[in-house]
Structures are given as C-alpha cells and as structure tokens.
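Chain nomenclature is as follows: A, B, C, D and E, assigned in order of appearance, with residue numbering initiated at 1 for each chain independently.
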Amino acid sequence: EEAPMLAERVAAGTLPNVDERLPKTPRVVTPYDEIGVYGGTWRRAFTGASDDRGPQKLMEPRIVRFVQTGPETFDIEPAWASSYETNETSTEFTFHIREGLKWSDGHPVTTEDVMFYFEDVVGDDNPWPWPSLMEQGDSRAVISAADDLTFTVTFEQPSPLFITRLGREYVWMASPKHYLSQFHPSYVSTDELAAAASAFNVEGWQDLWGRRGKAQSFWLNPDVPTLSAWTVKTPPPSEQVIFERNPYYYAVDTEGNQLPYIDQISHDLFQDVETLNLWVAQGRIDLQQRHMRVGNFPFFKENESSGSYEVVVWNGLEVDTLWPNQTTSDTVMAELFQQADFREALNVAIDRDTINEIVFAGLATPMQAGPPKGSAIFNEELVGKWAGYDVDRANELLDGLGLTARDDDGFRLRPDGDTLEIVITTALFASDINMLELINEFWSDVGIKTSLDVVERTLYLDRVNANEIMMGHWPMGRAAFFLIDAGSYAATLMDNSWANAWGEYQLDRGKSFAVAPPKDHMIYDVWSTLDAALTAGTQEEAIALGADILAMHAKAPNWVGVVGAAPNLFIRSNRMGNFPAGFIRDDITRDIGIIPTEQLYIKK
Amino acid sequence: MTGYIVRRILWFIPTLLAVSLVSFAIIQLPPGDYLTVLESQMGAEGDYNPEVVARLRERFGFDQPFMVQYGKWMWAMLAHGDLGYSFEWRVPVSSLIGEYLALTVIVTAATLIATWLIALPIGIYSAVRPYSIFDYIATILGFIGKATPNFLLALVLMWWAFDTFGADVSGLFSPEYANAPWSWAKVRDLIAHMWLPLIVLGTSGAASLIRQMRANVLDELQKPYVEAARAQGLPEWKVILRYPVRVALNPFLSTIGSSIPELFSGAVTTAIVLNLPMAGPMLLRALVSQDMYLAGSFIFLLSVFTLIGTLISDILLTLVDPRIRFEES
Amino acid sequence: MNEPLLTLTNVEKHFPQSNGFLKPAAAPVRAVNGISFSIAEGETTALVGESGCGKSTAAKLITSAITPSAGKITLRTRDGNILDVGSLRGRARKALWRDVQLIFQDPFSSLNPRMTVKQIIAEPLRNFDIAHGQEATDLVADLMDRVGLQPGTMSRYPHAFSGGQRQRIGIARALAVKPRLVVGDEPVSALDVSVAAQILNLFQSLKKDLGLTYLLITHDLSVVRHSADRVAVMYLGNIVEENTTAALFKSPRHPYTQALLSAVPSQDNQDKPRIVLTGEVASARNIPTGCPFHPRCAYATDVCRLTAPTFEQLPTGGRVACHTPLEFMP
Amino acid sequence: MKDLIRVDELSIGFGLKNWVIPAVEGVSFSVKPGETLGIVGESGSGKSLSARAILGLVPPGGLITSGSISYQPESGDAVDITSLPKNGRAIRKLRGAEIAMIFQEPMASLSPVHTIGNQIVTTLRQHADLSAAAALSRAIELLDQVGMASPAIIAGQYAHQLSGGMRQRAMIAMALSCSPRLLVCDEPTTALDATTEAQVVELLMKLQQDFNMGMIFISHNIGLVSEIADRVMVMYLGQSIESGATEHVLKSPAHPYTRALLNALPAFAEAGAELATLQGAVPDLTARPTGCSFHPRCAEFAGPQCETERPAIQVVTNQHLARCHLHE
Amino acid sequence: MSNALSHESAALKAYAEASGWRLGWAKFRRHKLAVVSLYIVGLLYLLAIFAEFFSPYDYSDINRRHVLAPPQAVYVVDASGQFTWPHVRALKGQRDPVTRRLNYIEDPENTFPVRLFAPSKPYKMWGFIPLETRFIGVSTPNRQASIFLLGTDSLGRDVLSRIFHGARISLSIGLVGVALSFVIGIILGGMSGYFGGWVDTIVQRTIDLLQSLPTIPLWMGLAAAVPPGQDPLVTYFMITVILSIIGWTGIARVVRGRFLALREEDFVLAARFSGASEMRIILRHMVPSFASHIIASLTLSIPEMILAETALSFLGLGLQPPAVSWGVLLKDAQSLQVISQAPWLLVPGLAVVITVLAFNFLGDGLRDASDPYGKV
C-alpha cells in the first residue's frame, strides 16, 4: 500500500512502484492505536532559524533510535540499519544497511555513503569536525566497510555507551555521496565550488556544509537526498516551511503500508509565543510540544473544545536544581557550602509541594535531582532524600553550624559578621522566576537571605566558565542515561556544577581558578569511578559503576533539586491519530522523536 | 531645484557613512558575538561542539578588530552592494530582508496614510469648532491612543477579536497565502489582515497629528488672509480647505521623514505581538542572536529610508509650499 | 563743534549669504554700501530712507552691535581721544556703550518680559558699576521720573505698561549710563500718534537738559522735520543726500529725496503734486550698477546707468550723490 | 444721489461671560457712490470693527448689538446687512462682488500658497459664471489695470515674490475684480513706506474715479486722509466723536480730541516746537469713563456734565457733527 | 496719570507686579484638564514616594493561599442586606481538577472590616523607618483575612501594592531620564544655538543622525550592551541613560531653537548694550525666558520615557524581576492566559495610560502657560 499522492505519481510514471522503493526488509512500525489513513497536513509552528531542531527532531534520519518500552524505560532499535552487532569488549560495532534502502531521490544507500561521511564530511580537513562520539580516550574510531551494506566501527578502548550515544547525537553516519560530492573540494574544482556556492547564494563552499549548511542540511535544501520520513519542500527563510513525504521512506506499518501516513508538515513562523497560543486556541496546530508552556495549562485546557484539541501530558526528565558552588570565590560562602549540614539545611527548608502547586499547577513531582525511575541506575533513596519540608530541622542544622547571630532584619550572620546572603544566578530561558522567588521566601523563613541575578543565557555560561557564580540555577537533565552526561555528578558539567574550581581542575583546561579538591574528598572517588565506567567493557559493568557514583552522592546532598517530572504539554488536535500520552520527553530520547512520527495520521 | 536635490544627495554620503558606522557600533556593543549565542543554543540542544565554534569563529572573522570588520562590511556593500551574511539563516542578508522590508514599508506607509486620513479631518474639525464636545472627545480619545502601550493594545485587541469573533487577526496573511506568490487574492488577503496593525499603530500617532493639525489650523484661521478670503465671498468650507488647511498641511509633509523611524519603532512591539512578518521582529531576533550583519543592515537600511523620507518630504515641501523655494533661492 | 562726535568713512556692511554647506555662495547682501557722514555733538541727525535701505544696519554699526566689513567709524571720547568703533572688542566695546546707546524700535520686544522695570533699568547701572543697592534704586527712580514714569511702578513687569510707557522704559535704560550719543532706530514708528508725540517731546527735553546727541532713524519725514537738525537720506545702502533739515526740505537736490518729500502728506503741501516713483524697488541683494537709483529716476541719463555718482559737497550747502542734482531753490 | 451704504447707530460688543463690552457704540455714517469717507482715530478706537461689520465679518465673539447697516444695491430695495445670516449665501453674494475690502497687511492678507492669479480667479469665478481661461485673462487684465508691469508673469507668482507695493496692488486688483460698488480700505498703506504709499494712494484715487466707487478709507494717518477723503469721521473709544467734510473737520476741528490729535502730529507742528500731547492713555474698553468717554484726557473741560452725561451728537455747521458738550 | 494710578485696584496692582511665572500659573489654571492632571500626577508621586505606607502589603509578600486571586470587592451591605462598616469577604481558592485553574469563591459569612491606618506586620519605610501601620488594611490579622483590591499575581502578591511600588521606578525613570536628557540637551543645544558655526553643524548633524536611527533598535543595541545581572539600581540607571541618549536630541533642538530665536531678540541686544557679560546674558536674560518652554517640553517627554520603559521591558531588554516597574508588571501580564483568566494583571497598563495621559495634559497646559504674554 502506498499513499494516494504517490500512487498518482506512480501511475503517471514519474515514480517507480512502491515495492521498488522500499528496502527488502522495511522497518516495521507498530502504530500506537490503529492503522492510519494516508494524507493530510500536520500543522506546526516554529520561531525561525534557531528553532531548526524543532522540525528536525520530528524526522531525524538516524541509524539507530530510541523507543519507549515502558512508563520510564527505553530501548534502542536499528532504524535505517537493519541490525547491528557489538563485540564483547565493546570495541567493535558492525552495522548492516537495509538492503534496497534508498535515498529520497531513489539512489541506493551503500557503505560508500558511510565512508564518504567519515572521510570527506567530518574530520580535520573536512567541512565538519570529527564527532566526539567517534572518539574514545585519545584515539578516533576506525570505520571500515566490509561490503556494500556492512561496515564496522572500531575503537581502541572499550566504548560501552557508543550505541546509546548514537541514538542521541547528531551523527547521521552516512551522507549522500552522489549528491554532496559535487560540493566537495576533493571531488570538484575550485571554480565549480564557487559556482555551487553562488548558486546557493552563500559566501563560500564551506557554507554549504555543517549544521546550517545550505546544501547538506536536509531542512534547508530541498534537493539533498535524505533518509528522513519527510523532506523539505519549502525551506526557510519562509513564512511557512513545508515538508513533504519521502517516497522512498524505508518503514511500513504492520499491514505493510508504506509510512509516513501524513503527506505534509507545515511550520508557520511566529514571533511571539502568544501568537502561537492563539493559534492553538483556534485549532490551527495539530501536534506540538515546543513552546507550549506549563504555565498556560489552564488556558490550553479551557480552549480545548473551541480549538478541538486535547492537551496531552508527557513528563520531562529534568529536575529544576540549584547548584551551590562549593568553590565560589566568596570564601566564606564556599566554606559554608562545603558543610554537608548547610547543604542539607538548604534542601529541607524548601516546601516543594507548594512550589509544585503554585508554579506547576500541581502537575510536576517534588523530588531531589537524580536519575529518574526506570533508568537503569535509579536510586530511590537519592531521589527522595532531603526532599521533605522540615523548617525545624533546617534551623537546627543551621544553628548547629553556629549561624545563630541575626541581623536587624532577622537574617543570619555569616561567621565573618556579614549577612548570610546567597546570590542565585539564573538564565532567563531556563528558569521560572516564580519558583526562585518562592525559594527566596522559604529560605528567608530560616534566616537565609537570597537575591536573584537574572542573566542572559550566554552570560550565564560566561559566568560559569569564570567561576563567578555563587549558586547557579540550571536544570539537571538528560538523566535517563546518566553516564552520558555524568558531568553533573563529577562537577565537570560546568552549568550543572556544584564545585566549579574542582571541576576545572579535573577537566584541566588551564583555567586559572582551577584548584585541587581537599584530600580525601569524595569527588576523587567519583572521578575515578566515572573513568572506569566510561571505559568499561560492557554496558552492564558501566551501569554498576554508575550506581556506585550515585551511592556516593546519596551520603550528603551536593545540590538542591526542587521539582522534576514536570509536565510537558503536547497540543494534539482531535484529528491527529496514534499519538500516545504519558511518555517521557527528554532531549536524549529525542523529544517527540521517541515515537515514530511516521505512524501519526490525520483522521478523515 | 535640481541643484538642491543634488546637494542633498551629496550630503547623503557622509551621513550614510556615519549611519553605517553607528549601526555597526550598535550591534557590536553587546558583549559576545553570534558564536557565543550559537554556543548557548547548541548547549541547550545538547550538541555543543567547541571545535565547530572555533572553526566558525575563524571563518566569520570574529577575531578581527572592529574597524577591520566594519571596513570589510562597508567595502562589500560599496563594491558589490552586498549587505553581508546572516549567520543565523546562512544566507546573504540581501536575499533575506527584501520581503520583510517591503512589507514593512507597505504597513508603515499604510499606517501613515490611515493616520492622516483619520487625524486630519478630525484635527480640522476640532480647529473649526474648538472647545466643542467633539473637540474634547477627539482629544481625549486621541491621547488615550497615544498613552496606551502598543503591545498592550495589540494583545488586548487580538484577544478580543478571538474571544468575540473567534477570528484570527494575527499575521499579515492567512496561512494559505503565506507562501503564495503575489496575486490579487493575496493582496486582498493582506488588506483584510491590515486593519488591526493599522489601528494599533495608527492610534499612537493619530493623537499627536490631531493636536498638531488642530493647532496649525487654529493658528492659520487667525491669519488675515482667511478673513480676506471670506471678504471675497467664498463659502466657509472653501475658505477653510483652500487656505488654512493647505498651509497647515505643510508641517506634516516635513514630518514624513522623521515619522518613519518613529513608526518603525512603534511597529516592533506591535509586529511581535501580532506576528507580522515585518522588519522589526526580525531585527529584534537578529539583535538578540547577534546576527550582526543582518541587524546592522536592517538598522542601516531603515536609516537610509528615513534619510530618503526626509529628502522626499523636503522636496515635497518645496513643491507644495512656494515660500520655501523662495528662501532657498 | 569743530570735531564731530561720530564720523563714518566709507563704511560698508555686507552680509554673506549663507546658504548652508555645499552650496555655491550667493552674492552678499550689501546692506550698507560705503556711507560717510558725521554727527556733531549736540545735534540731532536724522537718517531717513525706505524700508530695507540699510538704516538699521547703519545703526547697529554705529553702536558696535555689528562690525563693519570695510570703512571706519570713529567716536570722539569724553577726553578727546578718537575711538575706532569698528574694531572694538570685549571690554573696550563695553566702554563704548557708556557713550553710545540704542533705543529700539519695538517697545514690546526690547524689554525682557521676565524682569521688573527696576531690574531692567538697573541692569546697566549694575553692569557698568555705576551704582548698586539702594543707590541704584534711587537712580532708577530718578531716571523714571525724568522720562515721565511713576517711580512707584518700578516693581512692575513690562506687561503692565502701555506702548508709550514701555518706550520710556527703554529710554530710561539707555540714559542710565549717561551716554553722549543716543541712536534711536525708529523709536516712534510703532506708537500711536499721541504717544509718539510724547516721546518726541521727551527727546527734545532730554536734549536740552542733558545735551544729548541723537541719531534718529526713521522713515517718517514729518518726524524728521519736527525734530532733526540735519538729515541724511539713504537709498539702497548709500547716502544720497545730506543737509540741514530746513535746507533739505526746502530744496531737495536728489531726485529720490524729492520723491520722498512729495510723498509726505501734510496740510500745506496738499496742492503740490505727488511724485510717484515708477519701477520696482531694487533689493540690497542685487544693487543696480551705476547710480543705484537710476532705474526709478525720472531724470536718469546714460551716465547714471554706468557710473555711480560720488558724494559731493554742494556749494549751496549739503552734500548729494547725483550726477545731475536738482536745482537749488532758495 | 442715494447713499450706497448707510450705517445707523451701529453698536458692536464683545461678550465676556455675562456682560458685553461695547467696542463700537452708536456709530452712524454713510457713503455715496464716488465719495470717499475717511475714518481716523487712535488704535483700538473701533475703526476696523465698523468696517468689517459692513461685510458681515464681525470677528467671533463679537456681536452687533444694535443698529443697522443698509446697503443699496444697484436695483431693488436696500438690504440690512446686520439681518443677514452670518456667512450665509446672501451676504456672500455681496462680499467681493459689490462690497470689497482691502486689508491692512497686504502680505498676510494674500494666501501664501496660491498664485496671485489663482486668488483673483477664485474670486471671479465665485461671483461670475466664467471659464477658468476667461477668468485668468480677466485677472491679468485687472493686474494690468492696477499698474503691474508684466501682469501675466505676476499672475503666476506668489505673494512673497512681490514687493510690498506690488502685494498691495494685487490686493486691490482682487478687490476690484468684480467691480464692487463700495470699497472698504482698512489702513491699506500702514505697512508701506512713504514712496510706495504714494503709489498706492495714487492708484486708489484713480480707480475710484474710473469706477465711481464709494470708498471707506480707514487710517490713523491724518495727513493721508486729509488728502483723499471727501468727508472724515473721527473715532474715539468706539464712538464717532466728530464727522463732516474733510476741510471742516481737519481745518477747524470741533471736538477737543480731534484738536489734540492734530496738534500731536509732527507734520502739523512747527519744527522743534513742543508737540501738544494728550494726557493719559486710551482707557481700556472695560473701564470706559462715565459721561463723555474723552473727559479724563480732555483739556477743554466744558463742565461737570462731561463727567456724568454722555454728550449727544451736535451739529456744528452744516454736515459737520461733533459729540461734545461744548457744542450744546 | 497720577489720578489713574490712585484709582487702581489692588487686583490691577497684583497683575502689574506679577512675574511671568505667576502669570503663567494663572494661565495654566484655566486649562482644566491640565489642573486635574497636575493633581493626578501629584497623587501618583505621593503614592510612589510613600508606596510602603499606601500599599496594603509588601510588594514581594507571597500569599500561597491567594495565588491569582481576583480583586476583592469592598462591601457595605452584609449578607442579610444590612448596611455595615465596609468589609471584605474571605476568599477560598479551589483548583479546577481538569483545567487546574484556581477559582475563588467569597464567603459571605466570613467577613473582615476594612480599616484605614490598619496595623500590619512591621515593615520599613524606605528601608529604614520601622512602621507597623498601613494606610489601608483589614483589621483582623488572620490567615484568611486579605484585602486584594486589585487581585493578586501568580505568586499571590498584591497587585495594588506592586503597582504602587512599580510607580517608584516607572515614575522616576521619566524624571531621571528627562533630567539627563535635559543636561545633555541643554549643554549641546545651548552650545549649538549660542555659538552657531561649526559647533552648530556638528551638533545638528549628530542629532539628525541619532534621529534617523530607529529608536527601538538603538535601545535594543544599547540595552543589550548593559551587562545584565548588575545591581538592579545600576541596570535602572543604565536604562535611563539609554533612554536619554535618544531623549536629549529633542530637547537640544528646542533649546537650540530658543537660543537662536532669543539671540535675535531685541531685549538680548539691549542687555548687551547694558553692558551685561555673555554669561550674564545667557543666565539672567535668556535662560529664564525659555525655562518655561523647556519645562513644558520636558513634561511632554516624561511620558515618552515611561512608555519606553514598558516597551523595553516588553522586549525583555529592560529591568528584570524581582525589580518591579510597571513595565515589568506588564510583561507579566503579556499573555492570553492572563487576559483570559486574570485580567486584573493588566491594571498596571491602566496605571501607565493614566499617567501618560496626565503628563500629556499637564505638558499641554504648561506649554500654553509657558508663554504668559502671548494671546489669551
């Protein structure tokens, strides 16, 4: 079966038969609810060039991809590869391309495209840097093709997380050589390159490549062959970016109908999020999560019938977290932060339920920051620990630290006699000021003064990188596979760092403020265990070591997690079928990309 | 006359150079550059790669000193009419801003005309019947329009239109016309979408116009030549339209140029709220993401429009008001 | 009387036409185009002429409000020194204003509406360090009394005074420094007949009492005839005739003077025919070659069109700038 | 000959909240075709107001409180201008066509943004059914008549391009365009210097003869009035205090004010002699003295009745009237 | 003349001795709207200055039980229909289980009398004067007792109190900005007008240049350059500086125009003849003459600054919470969610409109009055 739109073209002779277009063994996708019908346009909205990930995440041309298998569990499946094998020591990974797999222009996909990607697209002399995913330790992976459809990635050291990372990172593993080589200096002359650049209206041939490469990016170039379910028809900059189905897409439903069901995806450009909200209320959006704020939940809910849609809630994995910087340049504060009791007091002085109620309309979960339930290394103790509300305990702890003297306004004094004041730095995009204001209120109840420093996102990073932050506010995220981003636990993920100077010491990037942690500090154990985990021979081993790290953090709080599992709202119009509720939405699992979007359909 | 225009155009050159320098300086003012923004965007999406940024930094020449960057931009502009390159959109600025500027000009011009059409008769009537009920109502309504922040008015009107009519009043086009090539139907669609921006933008300008027109006409009505015209036996409406209104209009012509930046600035917030594909929101984005050539070119071109507007209004003025020409020669 | 108080020698004032940047320079306005005359101490000299002929410019030159483009203006000071008025600056110029003062044409714009009469009149007293405090107040009262104002009104603002009274305030201010030369630039033309008469009487009595020297600028010839000892007639930046009042009125020698006099209606010249000038008034921006008056002159000859006449002393008294002066009528 | 215009006991007041300030009080005069009436008086004495009333152009706020202005058209009955609706069709038909006015300031009275020709054409076409071209050629003809050197060029020029005298002549051409029967000149030469004034006066006198117009000539230049008026009316504080043939009024004035006014003129005085001045200043309209308005300044007090009793108009000699107790 | 003088009434004497300022004031008073506006502006500043006292609550007081509560009515009739002392009713909030919207119902049984000069939690006026009384409040200090006359925001903070506090920044930003513009404008405009020549040319060209740049981008550029996360006071000051960078051009034009005009005035020439030094001419003769004009145009530019602040905040380039200004409050209200569910959060917009209106009328009146000698 194929879409009527394509059937017409087949009939007209401009397209081969559907059997010729599909690989021998197409990927079979089980629709969530029912077999869909073909046709229709999926209407979305986007904010412009920088929102490119929005449209892209609907249809990433991945070699392997995440699937959600339970409420909070995931798995990885081959996508355009038919299968892959891992050797026992996690150093060799062999992939098999689906036989008969075709680019969206009908050209067959072979290992030549893979080799082209690794030899000509990424790497030092190439348009795009070598992906860190393809490195382990100090050496790069070697890619070799066994035949037209089989290739192997070989690492020197074990790389247990390679496949997981592959499901998440922007490494497509293959580029359409037959098309792209015409823009590559190794294949064509400088003059031709210049001509190509000017045809694309860009400055140099380099601009044809890369994340926003005019020729290479499948959302900017209608001509570039891709493996995604839809290909761009009207690219940006345009008021309305339109994607159209890929006639050669390699997946079918359980009845053998070629996917995707939906003919077109259109993205309308909006300037202000209120416009989008209005579109939602008017029923102009079919399915969208990006830019849908939790704060607007009542609004969305109340307009469900007028806009004939439903608000579908997924849960986020991130936990809103405060990061007391134990190495802040204010040495008195640094010393205080280094006291486990002090950090515990900060934790238990917060009424997380009230925050949940007021800021998240009661839809999130008050919790400590840590890996979520369902994650392989979920640590129940850690998530629940220090997340209760106990003012007396907090006061007791603080008094116990000798912070008993108070100033005229009732705030505690620091050992040096100044008012105990914590400056929380937050980047606008990441935070809800309301939450921080509530925390401000809770902490003043136990005599700790706080002040808010709201900065721009870039500036936040600048400050972090200069160790100019006393306490940061940044979500702890990507925790489902925490080893991928274990920096939060090792204080080396700078925006999530609870000890910037120590983190820098470990990263050894030559920052002047980097300093070695005190002898016997638990962080040394964290570092060594993490190293071991990342180079463990198998994923199981790595996970076991990861659990150890969590146990180290369960002894004393190093950060202040506030609420997590925050609701992520999807606006799903009533005509959109096969969209499940209650999934996890996270960047690692590719947001909406975790469901096969190709099986969504527009009801007739 | 021609000599005058030529001189004015010659004046353009130093002015434009200064304008371009200021534009460029403005966009260079904020700390960081496009790549710091890109870095944080990449960070948010989880695909931060320092090497990418380093390569881009070199490619875009961000490591060069200010004057070198400016010089290159200017040179490209002078030599090839090339406005530079939008980092964010990865296209030359010139290919990006054409339509936005065109729509901006259309909306701005329409606003200007609509404001005049509303404000002038009201202003004249207020002057002819000063201190009448009508005069007071017009004055107060006008001032309220002036006092209400554009974005607030836009949002409230947008909600009101949705709440009462379920109408979508945002944007300049219906979705089906957004990408369509220009056609008669698209123009009609544009006109149908234009009323809200016109109200929002017009109300803020109308008040001052009404007041000015009223004051000007009142002034002119005191002049002896009005009495002389009456003494000629001309009917009152002819007396008013033929003489004081003609003369009172002149100051307006002279404000065409200066009202362009004003209108444009008011339009930024309105365009954002109403989702108008105009230069304002694009410029704001460009500024926020430090897409410097795009932002710089916008500011530069808008200033050029203003300068041209000023020139046009000066020329119109000399055409319409014979006294000016006299002072000129 | 031998050495005149004030002498102008070939004084010129050209205003460059500033057309702004990047424009070709236009021909300058030749507002005053080489005038020479002198004023004797104790005399009232009148400067007459059409509107725009350069009278006010001449007044400003004499009072050093502007500097001449060419020529020399000299003033004989109290101690007999000769002061070059044209080149004065700063302190020296300020010193000049102790000797030379100006009375303005417009009594409404020449008084600062935000100062009381007392402050206005006391301003020169203060600035020239003549009197301060109570002494100044007394002097102000004295001056006001002298010009016929109630000293009791000195704390009022100008808006409370009529035009004639304001003009008196202006005169009091000018007199405060006890000047020797008072230049009046059309001091009565903005005033009503009866008020003008009061001011003219005031001039006469002050002249008698204080021995003032006047330069009266006006285009009202009846005022001239009534008040002036000598008259200088200006036309387009030049002085075309100069004589004692009586002689000039009796026997004008320049055709322009003649036309001007004939235009003045008065009861006794009702039967004299009016001489109506033809042609258009030329402007100081574009002065005709030759005799500037020739386009409107009924007696103009070829010489007049080509060469400008010089300002010659006439045997019958007075001076005239004309190639063919009118006949003398004793 | 019938009077062309006859103003009877005209009073004009300005309303100020609840009382009316009388600006013109009981003024009467008349003009015959071909005759010139001069009106003199100090500033603010009500000259312009009276003149404007004839055209029905009392300024806003002003009100004709009593009296009549009857205009005698060429044929038919006299019309009372005061009873015509303000700016109505009836009065507009008279304005410009039958009664024309020349204003005090020629620069300000011409439209700055229309050519001279255009302005004359507008007037012409307002009152006569003329084609644009015909109107223009008539306009050029008129400009020629008022002595413009190259009328066709002048017609295409703007007011500011003309000199004062030319502007005044353009005003005259406009006023004469419909051959009015009565010409009201409100200080037509005040803004001009002596030589230009002479030109204009000459022209007016010639045109009056040519067209046999009635003329009202307002000025405070008594010398000028003495030259051109057949009869003179002297106004003081809104009242006509003396009127009569020019030679009577100016040679042998009957009212102390007229006498004082003449004595104050330098032109009429001996050179160097002290000018006779009027004591005091013109009182404000709101503080009009009781009795004879002039009594606080009068040098020739007639008796206590001056302070209390308003003098009536007295006949001095034939046609020579004065409002003074001296002549009772 | 002497008898005329003796007849003079006291009123006439007063008029005669009235200075320009007094005459201007008399003229100003005839502009009714301006007078009313003057009172409004005065009241607004009073409220802003004593915001702590007039606010029923601390502007940052979080009321967990009254999040997004609607404005509470003041009743003068009790449940049984009897007239009583003015009182408010207790609010009880409930979350809608489906839409999660907070709905509040009033409890007619549970009422709290409204009191003026009500006792309150101790607070500090201007941060240093301890007080325990507020202008208005409810007399029973009890958990349920509340008086949110304009409702509360998403953290249960009293909107009325926030408006009063926001007035501090919003109303002073205009004044400070205008003061800065005034200083720059008067110096540059004055130099330009007084010296003329090349100084004039340079200043004029600079003004042309600045005016040909669209304001918002200029602000955006400059505001983006303000290092964020400074002390709010510093940010505040920077923002005013930015606003006045545009503002001064207008004022410089006015000043220059006035200087040019005055330079030609006879009375200035007269002052020169009176031996006054240049400095004295400027300060004693010229400045007083245009001061009133300048004040009028300054008054007219204050509302522009207030609007500018809101626009900047709207664009996210102005002040940031927790600072409160009307722009910040309005930014909070910029959503359909708010308009449809908590329209009272738009009230700060009303405050802006009223203030801007009042300033405009005030400026209008001042402008009329600034030339007391002109036509009546």
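Methods note: a contact is a pair of C-beta atoms (placed from the backbone, for glycine too) under 8 Å apart; a residue touches a chain by one contact, two chains touch by 3 or more.
Given the structure is predicted, the values throughout are model-derived calculations rather than measurements.
Relative to the centroid of every protein C-alpha atom shown, the closest chain centre, again from C-alpha atoms, is found for B.
The chain pair with more C-beta contacts between its two chains, of C-D and A-E, is C-D. With centres taken as mean Cα positions, chain D sits 92 Å from chain A.
Chain centres here are Cα means. That of chain B falls 53 Å from that of chain D. Remark: chain B and chain C have CA centroids separated by 54 Å (rounded to whole angstrom).
Looking at chain C, residues 21 sit in touch with two or more other chains. Multi-chain contact residues, meaning those touching two or more other chains, occur in chain B at positions 31, 155, 159, 272-273. Residue numbers of chain D whose C-beta contacts span two or more other chains: 281.
If you check the complex, the residues on chain C that touch chain D are 50-51, 162, 164-165, 192-198, 200-201, 204, 219-223, 225-227, 245-246, 259-260, 262-267, 270, 274-277, 280-281. Interface residues of chain A, counted against chain E in their complex, comprise 274, 277-278, 281, 295-299, 301-302, 354, 357-358, 361-363, 425, 428, 433-434, 437-438, 440-441, 452-456, 459, 463. Note for the complex: chain B touches chain A at residues 31-32, 36-37, 39-41, 43-47, 49, 51-52, 55, 59, 85-86, 88-92, 95-96, 155, 158-159, 162, 166, 168, 170-171, 173, 175, 178-179, 271-277, 281, 285, 289. Against chain A, the residues of chain E that register as touching in their complex are 60, 62, 64, 67, 95-96, 98-101, 154-156, 227-229, 316, 320-322, 334-337, 340-341. The touching residues of chain B, counted against chain E in their complex, run 15, 18-19, 22-23, 26-27, 29-31, 143-144, 146-152, 155-156, 159, 163, 211, 257-258, 260-262, 264-265, 268-269, 272-273, 280, 283-284, 287-288, 295, 298-299, 302-303, 306-307, 310.
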